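Both complexes below contain chain A, partnered by chain B and then by chain C.
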Partner chain A sequence: MKYQHKQIAKSKLKSRALKDKAIRVLVVLLSVVTISPIVLIIFKLIEKGYKQISLDFILKTPPNSYEAMTALANGELIPGGIANGITGTLLMMVVAAVMAIPVGVVTGIYLYENPGKFMANLTRNISDILQGVPSIVLGLIAYIWVVKGITNGYSALAGSVSLAIMMLPMIVRSTEETLKMIPVTIKEAALALGVPYYKVILKVLIPTGFSGLLTGILLGISRVLGETAPLMLTALGSTIINLNITKPTSAVPLLIWEFYNDPNMVGLIWSSSLLLMAIVLSLNLISKQIAARTK
Partner chain B sequence: MNDNIKQIKDPVLSIRNLSVSYDKGKYAVKDVSVDIKRNSVTAIMGPSGCGKSTLLRAINRMHELYENIETTGTLILNGKDIKNMPTIQLRRMAGMVFQRPNPFPTMSIYDNVIAGYKLNGISLKRSEKDEIVERSLRDVTLWDEVKDTLYKKGTFLSGGQQQRLCIARALAFDPEVILLDEPTSALDPIATAKIEDLLVTLKENYTIILVTHNMSQAARISDYSLFMYLGELVEYGKTNDMFTKPRDRRTEEYLTGKFG
Partner chain C sequence: MNSDKITKIILLFSSFIILFVAGGMVFSLVKGAIPAFKSFGAGFVFSNTWNPTQGSENYGALPFIAGTVITSVTALLISLPLSFSASLFLGEYYRGTRMAKVLGTMVDLLAGIPSIVYGLWGFYVLRPFLVGLGLPNQGFGVFTASIILAIMIIPYATSLSNEIIMMVPNELKEAAYSLGATKSEVIFNVIVPSARSGIIAGYILSFGRALGETMAVTMLIGNANVIPDGFFSTGNTMASVIANQFGEADGLKLSSLIAIGLLLFLITGVINAAGKFIIKKLN
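Our next item is the complex of A and B:
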């Protein structure tokens, strides 16, 4: 009897170990499935794009189609670069951030300060809905408001407005979540020193949650960095470097789309994508780093 | 009750008919009247939820930050009605120390001590700052431990050191009274003993009001004790008297561990 008992226990243990192993293999397999797209993407971009990457690629504007064709016919690399796209993307990002960060942070503070209030709940829900609005629709709105209404033509400002609306909900949410994580006792410590409420927010809560806020902002920026559709309706594109926000402006994703449509230039899509991807990845890594360091 | 109130001459704080409710009609503190003696340690005792923290936080008008809380009654601090004091003045006079040490995580030890000045935008000369920091840290016996690391973050200190830093932060304002809400409940026995010793020395220059769950702590360091039950002040008197011959049955039951 006793012996038999042991046997059963042993076989049970064995089957459990087997199950354990199977699950572990499954988990590893699924993680590989999850990470393989990103690895494959990066690999492909590097493979197809690295040849075009040079200092010129960052400092010069694209060649015209004829120049590109000549280079191709001579078996040379396509000359020029995407400086107009890089500066345009930077310009629109900065302007979008300048618009979205103050509004987003203040709204986030408002939501944190008034939990459960009707207006706060309404704002939170609307912000969530905004996050789900297709980017092309935001492009249309910016077209009506800014292209038609303010700059009388396609402009970097219009592009920035559409991107800012897109960033806004992310900044609102991350601000609220960051502030919620700060212990109430820190806030009360400041209040108990007689510090007026607005100063508690400015001088205690925001500095304490600063890295969280920054992480949210960087993630918001990296999310809209590659947006193309709304920019087609707003910034339009430009063959030259433009730093005037009321004028049409290029952007890296817009250039990728233009290159794709020109058989002579299509060779530039890979290096452009590689650059865009590198910027997005670095922003992500930086924000992760900031978040990790403050935990 | 009334004889007790009258025993104290020139009280630093007189509380009259103080009631506090979180929800309308439900009182966390009910009609409490009491005088607090200058340069003494007064302990507020009672079972959990009896209103100790609520009473303490009424003294520096912490409740006014929350819309749902209603406070009635009069509190006279150093001869002045606290209702009519500017918030900053009241909170300078009545410093507060919380249950969990809460130094500002973004600030150095040095800046934590003078946080009250910094955050309120009160500018001081460098020499004045240095003097306040050293004096406050000496007062809480932390100076020797941190004088070489003044510019490190306050959050790197041990729990007990952090709590002494928080007391120093309150002392930097040279307050009249120091309000402490279970300041040692998150600390180990050694750190607790240090804080207790500290409070006894501090009463030479300040008045200490201490909420504590710990009866032996109240017995060790307090001169006066207040026993609360369900929001009411049940008994108030010299700590010695209360522990040896409590007048109220509820006090006696609490002190002998029958409830709470």
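Our next item is the complex of A and C:
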């Protein structure tokens, strides 16, 4: 009788251990499945895109559809590059950053300085809601405000506005989180010395939290760099290099969309995507590196 | 007035800008949507016609609301086992190891891939693969779009539930271990119950992300302005119909698209607020 009990307990223990092991294997397996897309996507982009990458690709504008077709027919690489997209992306990012960074950082400081106040809580909640707004809706907004209201036509400025609204809540949040990690004593020491409030902010808070702020800004930029949908509604695209913010402008993601829709140009999508991904992912990794070092 | 006061006013002013932007957004969307709601009334939300023919223009949002909900729910269900496993891998099984660091970085990188690149990969790699498995409509449709959407929300779902899993107090887990529980028993009897509401909130927020995704869905869902009648049929989401139809839109059609944008804004707003509310309550 006693022996039998032991036997049952033993086999139960065994089945529990087996179940435990099975679940562990399942978790590892599913985790590998989870990360496989990133490997597959990067591999695909490099495999299909590396041939096209050259100095020309960065410095020249895209060929027209006919030139691309002739090159394809002769079995050559499609000539030209995505210079108009690169300059357009840079232009819109700079304008968006100029709009979003000051407002975002200052608002972050406001939230940090006034914890628990009604206005601060309201701003924080609204900013959180803004962060969840789909990018295409921001495109609609920038269309109504800028394309219809200011530039009377599609423009780089409209694209920048949609990207800036997208970046804003990210910068607000990261600024507040960064400042929260700074010891209060540093700020108090400065205040005790009679330093004016604005100097405390400019000379103490911002320098101390600089790397954290930078991380937030870089992450914000890398998040909006690949945005396509809002730009379709605002910047539209352009076949030439345009640096006038009131005129339609291309961007790398917009060019990918155009190439995708033109059977003759489809050969250019992989290299363009490869370039875009390389920039986005390195920005991502750099900002994570900065964040890890400061922690 | 001294400099401290001016500084405080500047700080307050910048927070007004955010409120102003948000308020302006609601105002502009509502104003833009008024013609559509005036013509079709509240029926706009429940009508399933989309007829741009001049003279007999008639627009309804139901096909797109249905498409959005179906694709997002499917995406959530597909991503659930994957992201939950990854968060257990990171937060429990291999917590703090180099392997977890590598996996965590790769999951984070998934969040960095632009939507249009997901779309390209879905179009040129996933879609032919699914056609090979016998998917109809040349592989376009709700199912294909949902798979890509699922991959896109994995990083959010993973990092949010990982954070919550890491927050489960060690004492609770140790108490269970000391009673002889195996790791999987600890996970399902201690970690999951005590982290449940946080994990649910994480998935609600990921769901909110899926609702508004545009490019990848536009490239894969097939762009048919009808209510999808199955997992493998084509359709359109609220975001994808805006992206698709915007180029040639003006007048009533433009207003209808803006109205769809307003509905999308409201739905994502409610979903996000719910998720944030649960998380706030936890803290």
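Going forward, the second predicted complex is superposed on the first by the 263 of 295 C-alpha atoms of A that agree within 3 Å, B and C clash if a C-alpha of one lies under 4 Å from a C-alpha of the other, contacts with A are read in each partner's own complex, and residues count from 1 in each chain.
Operating definition for what follows: a residue touches a chain if its C-beta (ideal position, glycine included) is under 8 Å from a C-beta of that chain, and two chains touch if they have at least 3 such contacts.
Remember, it's a predicted structure, so these values are computed and weren't measured experimentally.
After overlaying the two complexes on the shared chain, residue contacts for A:T208 are found with chain B alone; chain C is out of touch.
Look at A:G153: by the touch rule set out above, it reaches neither chain B nor chain C. Partner contacting the larger number of chain A residues, of chain B and chain C: C.
Contacts of A:P115 after superposition on the shared chain: neither chain B nor chain C is touched.
By the touch criterion defined above, A:I186 lies against chain B but remains apart from chain C after alignment on the C-alpha atoms of chain A. Once the two complexes are laid over each other on the shared chain, residue contacts for A:G194 go to chain B alone; chain C is not touched. By the document's definition of touching, neither partner reaches A:P263: not chain B, not chain C.
Residues 196-197 of chain A lie in contact with chain B in one complex and with chain C in the other.
Those residues of chain C lying in contact with chain A across their complex are 3-4, 6-8, 10-12, 14-15, 17-19, 21-22, 24-25, 28-29, 32, 81-83, 85-86, 88-89, 93, 103, 105-110, 112-121, 123-125, 151, 154, 158, 182-185, 187, 205, 208-209, 211-215, 218-219, 239, 242-243, 246-247, 257-258, 261, 264-265, 268-269, 271-273, 276.
Remark: chain A residues 183, 185-186, 188-197, 199-200, 203-204, 207-208, 210 touch chain B in the complex. Of all the residues in chain A, the ones that touch chain C in their complex are 16-17, 19-20, 23-24, 26-31, 33-35, 37-41, 44-45, 102-103, 106-107, 109-111, 113-114, 119-120, 122-123, 125-137, 139-141, 144-145, 165, 168-169, 172, 196-198, 201, 222, 225-229, 232-233, 253, 256-257, 260, 269-270, 273, 276-277, 280-281, 284-285, 288. Only residues 60, 62, 65, 87-92, 95-96, 98-100, 102-106, 115-116, 118-121, 166, 169, 173 of chain B touch chain A when the two sit together in their complex.
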